[in-house]
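There are two complexes below, and they share subunit A, which is joined by subunit B in the first and by subunit C in the second.
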Partner chain A sequence: MPLDAGDAGDVQVTGPRSRGERLLDVRDLRVEFRTRDGVARAVNGVSWAVDAGETLAVLGESGSGKSVTAQAVMGILDVPPGRITGGEVLFKGRDLLRMKEDERRRIRGAEMAMIFQDALSSLNPVVPVGDQLGEMFVVHRGMSRKDARARAVELMDRVRIPAARQRVGDYPHQFSGGMRQRIMIAMALALEPALIIADEPTTALDVTVQAQVMDLLAELRREYRMGLVLITHDLGVVADVADRIAVMYAGRIVESAPVHDLYRAPAHPYTRGLLDSIPRLDRKGHALHAIKGLPPNLMDIPPGCAFHPRCPAARDVCRTDVPPPHPVDEHRGSACHFWRECLHD
Partner chain B sequence: MPELEPEGEIVAPGLTALPLDQAPPGAPAPVAGTTGRPRSLWSDAWRDLRRNPVFLASSLIILFLLFISLWPSAITWESPLKCDLAHAQEGSGPGHPFGYDGQGCDVYTRTVYGARTSVTVGVLATLGVAVLGSVLGGLAGFFGGAGDAVLSRITDVFFAIPVVLGGLVLLSVVTGDTVWPVIGFMVLLGWPQISRIARGSVITAKQHDYVQAARALGASSSRILLRHIAPNAVAPVIVVATIALGTYIALEATLSYLGVGLKPPTVSWGIDISAASPYVRNAPHALLWPSGALALTVLAFIMLGDAIRDALDPKLR
Partner chain C sequence: MTEPILQVSGLYKHYPLTRGVLFKKRVGSVKAVDGVDFALGKGETLGIVGESGCGKSTVAKLLVSLERPTRGRIRYKGEDITRLSGRALKAVRRNIQMVFQDPYTSLNPRMTVGDIVGEPYEIHPEAAPKGDRRRRVRELLDVVGLNPEHINRYPHQFSGGQRQRIGIARGLALRPEVIVADEPVSALDVSVQAQVVNLLDRLQREFELSYLFIAHDLSIVRHISDRVGVMYLGRIVEIGSDEQIYGRPTHPYTQALLSAVPVPDPEAREGRERIILTGDVPSPTDVPSGCRFRTRCWKARERCAQEVPVLAVPEPLRDLGGAAAHASACHFAGVDHGNDRP
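On to the complex of A and B.
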């Protein structure tokens, strides 16, 4: 492993109020996509960890590699064109990447589950929702269809779908967007997994429904003491539910910190840019702040710090040297050469 | 709440103590159908089909064909093999509405009995093609890789074989008077068409998010293929197979006409058309009735396929 690779391995931090055993430990994960036009390096040495009962938010723009990381962790990356070129994914201490596919499949759904962005396209249009929910029990627990359907009704009740018993035979398109996402959540929760990865679970929903679904997810997480990895680009969603945040840029973690520390004083110019670009009611009439420029092309990531072309504080060293992960304090890290200045700005 | 729902089996440990849904206690017993009948692709398609005159007409014809294939003696009263040269080429008369052919056989009886051969060949060839083609194409589309590449090249090779020429070459070496060589030949040359369509629709279905979601929740490959992909990929196969059924019936007649398909004493429209064509000036009825039956049958299956395609394509709704 090249030393200049900027492995965020050391940035990896444990929550200040670590709640339990380490559930998932992603170490120096690297994923690339081979396409006709070249190799897109989507994930370049990402490390983060989640403990039982903890919520980690992985924050980043489109194309920052956050969803690809999640797919690699779940083992649902499309291979080819995708390829995991390095790293470890330790789930309860065992490396998922070295497991046999059959063994991994039994973990998926039962011990770790995933919620997707668009519940309409994530549910099979020709199978009633009750059967899709019940399938979790049929596949993993060998239950009969009838018993599985009874459990499906309970789960639909559990995620507060009104009139669950009458609606268990309905098809996905007969539900509203929020209800469909509740069904996805119910499927993920069905076997009470230790870890849930939610990939932009509320992005496709109306704002009012977003809040309800997030609240439901947070409540269920508390109740089942699950670990939750929340993948999002929405800083507003993160603030309410996350314990810690890992900010991704161009396939790397650029900053990792407990949520309140990060909001109070970001230690990376990119994080600062993200926070400044949130529209604020008390700044009405002022121009909205935006990070200038565009995210880098993953086939041609700039040398040095990938953020330097867009960084207001970039200096010569940023164009040549990949910033190593600097420990800011025992719970946070920043991959910026000038994190101190950023922090005290 | 449970006492309202006698068949419920609420046994989830850790789930029972939850505050149940917001339905007020004492709410009226569930009324089935409050949210409308479940609508799926298939039920929508069926609703469309029932109102489609093309579908109704073609299925009436096909039902009638199936009926006379199973029980030809229900509407005939002679044996199709009972021929009397004394009546050769005679026109219609009492008890013989379609007249006699060149061998003095009753054209009406032979036309009715010919349906059985045509339907047998068409249905069995289509079944064989659909099963072989969708299994091979579906697996190739699902797993991809080297197997897919090899299969795609093999289908290209089969597409390059001209059907009639292939039939003349392959079937001329076969002896015997059963329908099996003809059916086997049709399956051999027909499966690549279905295979290509099945492969394409499996590849499309595979990319849906719900397939990835099923995978993320621990479904195995076979389960994903059978439960999530197949039902969403089967529609184009059904449409093409229905239309192909008509063309197989026509192909059987073509091959029989050319003398390499079915052979007498099998009763087949193709054989009768072939036998009647030399006398078309003297006894046109002996050619027209089996030809008309053949054309109507092929048309019925093609119309049925068209109607099903329209009904299964949500974009046309």
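On to the complex of A and C.
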């Protein structure tokens, strides 16, 4: 019998514990989507944890399950068609998945907040940004509208929106993309949450603006000692800001490691393939080493290791047995039968 | 550089901004392309980089005659094509084809792959006799790495990367000499992006194509280009070989742009010094006087507000020779040593 992933669990991502208290602990999370054509298994036993003051990057391509994981953690998954079929999401030790909705709502926004990729569609187009920011204080803190607006101006100042006092009454469309993303960040920061989950926060932005926004986010994270979960497909952004990284493929974490270790010597062929397939600004190479084939259809995930049809190192066992999480060292894990060879290749 | 196949000089595209419904009053204009010059050599890849709104996509549309320029010339093998119409224009268009960014919206969902790739033959029947078209389409699918047996499938049955291959096959159908590719890989996943970039590389060698490769991703542009032009607010601010632009940029905007690109190497993050630009790109309806970058430039002085800098090899760098001596539209152009940064 091939080893079922459920029994094996997944690579437990655990960082050096020196940083601070454990904020969020996701354990063996499973999410599926029921569609007319069948069941799409989007998240298949994902575990990761993030401590206060730490940045964890969850890296994956489209369909890897990285955003669905974030939505399940935040409690904003579309149910149905989505369904959490297993696992725990422990926030400061308490399982969010077993909480009542109104209890969860108090945590969302106040203790953990999310930043989305597309600020324009996440903001209400017919409400001035100052009121949208201020609403956080009205709802969660019971402030008066007037006080809330004053706090909104402060926040807009914090995220360095020029002339905040004059612009607090402006509507989202009156701001540029970079400024709108700052407003999203301001909104996430409003109640000084312990944890922020940012889903592709700079993907829609130009590179010079992306640098501004990432800088701001890193600075605020340090200042407030927040935990940050950065969901992204961009290996460059990860290298710039993350402490640890979890690489997802077909709904699983295939490798997790401190960021320096992973870039120096990947322990999974998929990670290696990704690193080899990106052109580098700092050096000009010849042909790119593309990963052959396509990411799998989530309704029909290959048996054994989901990456085996695209893997240059695949052998018979990879076609039948789901690789269990192998501890590479104290802080690293790889879900590859042949992680040793990959690491020393 | 080899003999240019395309020569663009003094190219402008201004879109009128009007107010009122019945009596449209012209209240200004969007200066999408505002004086662009460059040449594309035979078999060469010229990369155009710039952020959104810099006018790079408008340049692409002008080159394939999807838009008519307000002013300026585009010469194809020495012939000015901006004033052509009718049959003469059609003949030129055959030779300059476009590959679009979005493989999801640029293919008609109701047409089969065979019809999509073969459509150029309907418009240019002289390119292939009717009886031979199916065979050619199969051949094209094979060339771009798709299964020719899938000729009767519809676009939705393909992944993003495969759809982009379909778009490329269509672009190749008429055996053009120039391909204008506007962000051809930016909608694709990292692992698939490399496949398409390698395909474009191979096709260039096989068919002796000249590419104008437009993208916002500086790393990809470096990988594929022989020369690179950097656009800002409707103009090229710096142009040169990939060594010159990436190794010895002399325009402050290029320097800032390059420093902002995240490098996939965590070892580099401590040592790197970023130039973080302040503010946003000004609106193309209200372009700053003099140098258009001056509102965000840390080197800007009075002269920058008064004089428009021309795109030429800067005087002080001329005698130096080497990589620093390339065209840069800045009054104070210079190699960045990190000592005059903001």
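Here is the rule we use: the second predicted complex is superposed on the first by the 330 of 345 C-alpha atoms of A that agree within 3 Å, B and C clash if a C-alpha of one lies under 4 Å from a C-alpha of the other, contacts with A are read in each partner's own complex, and residues count from 1 in each chain.
Just so we're on the same page, a residue touches a chain if its C-beta (ideal position, glycine included) is under 8 Å from a C-beta of that chain, and two chains touch if they have at least 3 such contacts.
Please read these numbers as outputs of a predicted model, since none were measured by experiment.
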{"item": "Three-chain arrangement built on subunit A, subunit B and subunit C clash or fit", "value": "fit"}
{"item": "Partner chain in contact with A:Asp282 - subunit B first, subunit C second, else both or neither", "value": "second"}
{"item": "First (subunit B), second (subunit C), both or neither touched by A:Ile291", "value": "second"}
{"item": "Partner chain(s) touched by A:Gln212 [first = subunit B, second = subunit C, both, neither]", "value": "second"}
{"item": "Which of subunit B and subunit C A:Asp321 touches, first, second, both or neither", "value": "neither"}
{"item": "Which superposed partner A:Asn124 touches (first subunit B, second subunit C, both, neither)", "value": "first"}
{"item": "After the two structures are overlaid on chain A, angle v-u-w for subunit B, subunit A, subunit C in degrees (C-alpha centres, nearest 10)", "value": "80"}
{"item": "Overlay on shared chain A, then closest C-alpha pair between subunit B and subunit C (Å)", "value": "9"}
{"item": "Footprint overlap on subunit A, where subunit B in one structure and subunit C in the other make contact", "value": "162"}
{"item": "Residues of subunit C that touch subunit A when the two form their complex", "value": "51-52, 159, 161-162, 189-195, 197-198, 201, 216, 218-220, 222-224, 242, 246, 256-269, 274, 276-277, 279-281"}
{"item": "In the complex with subunit A, residue positions of subunit B that touch it", "value": "5, 8-12, 14-15, 18, 20-23, 30-32, 34-36, 38-42, 208-210, 212-220, 223, 227-228, 231-232"}
{"item": "In the complex with subunit B, residue positions of subunit A that touch it", "value": "74, 76, 105-110, 113-114, 116, 118, 121-128, 135-136, 139-140, 147, 150-151, 153-155, 157-158, 160-167, 169-171, 173-174, 184, 187-188, 192"}
{"item": "Contact footprint of subunit C on subunit A as seen in their complex", "value": "61-62, 162, 176-179, 206-212, 214-215, 233-240, 242, 259-260, 263-264, 273-275, 277-282, 284-285, 287-292, 294-295"}
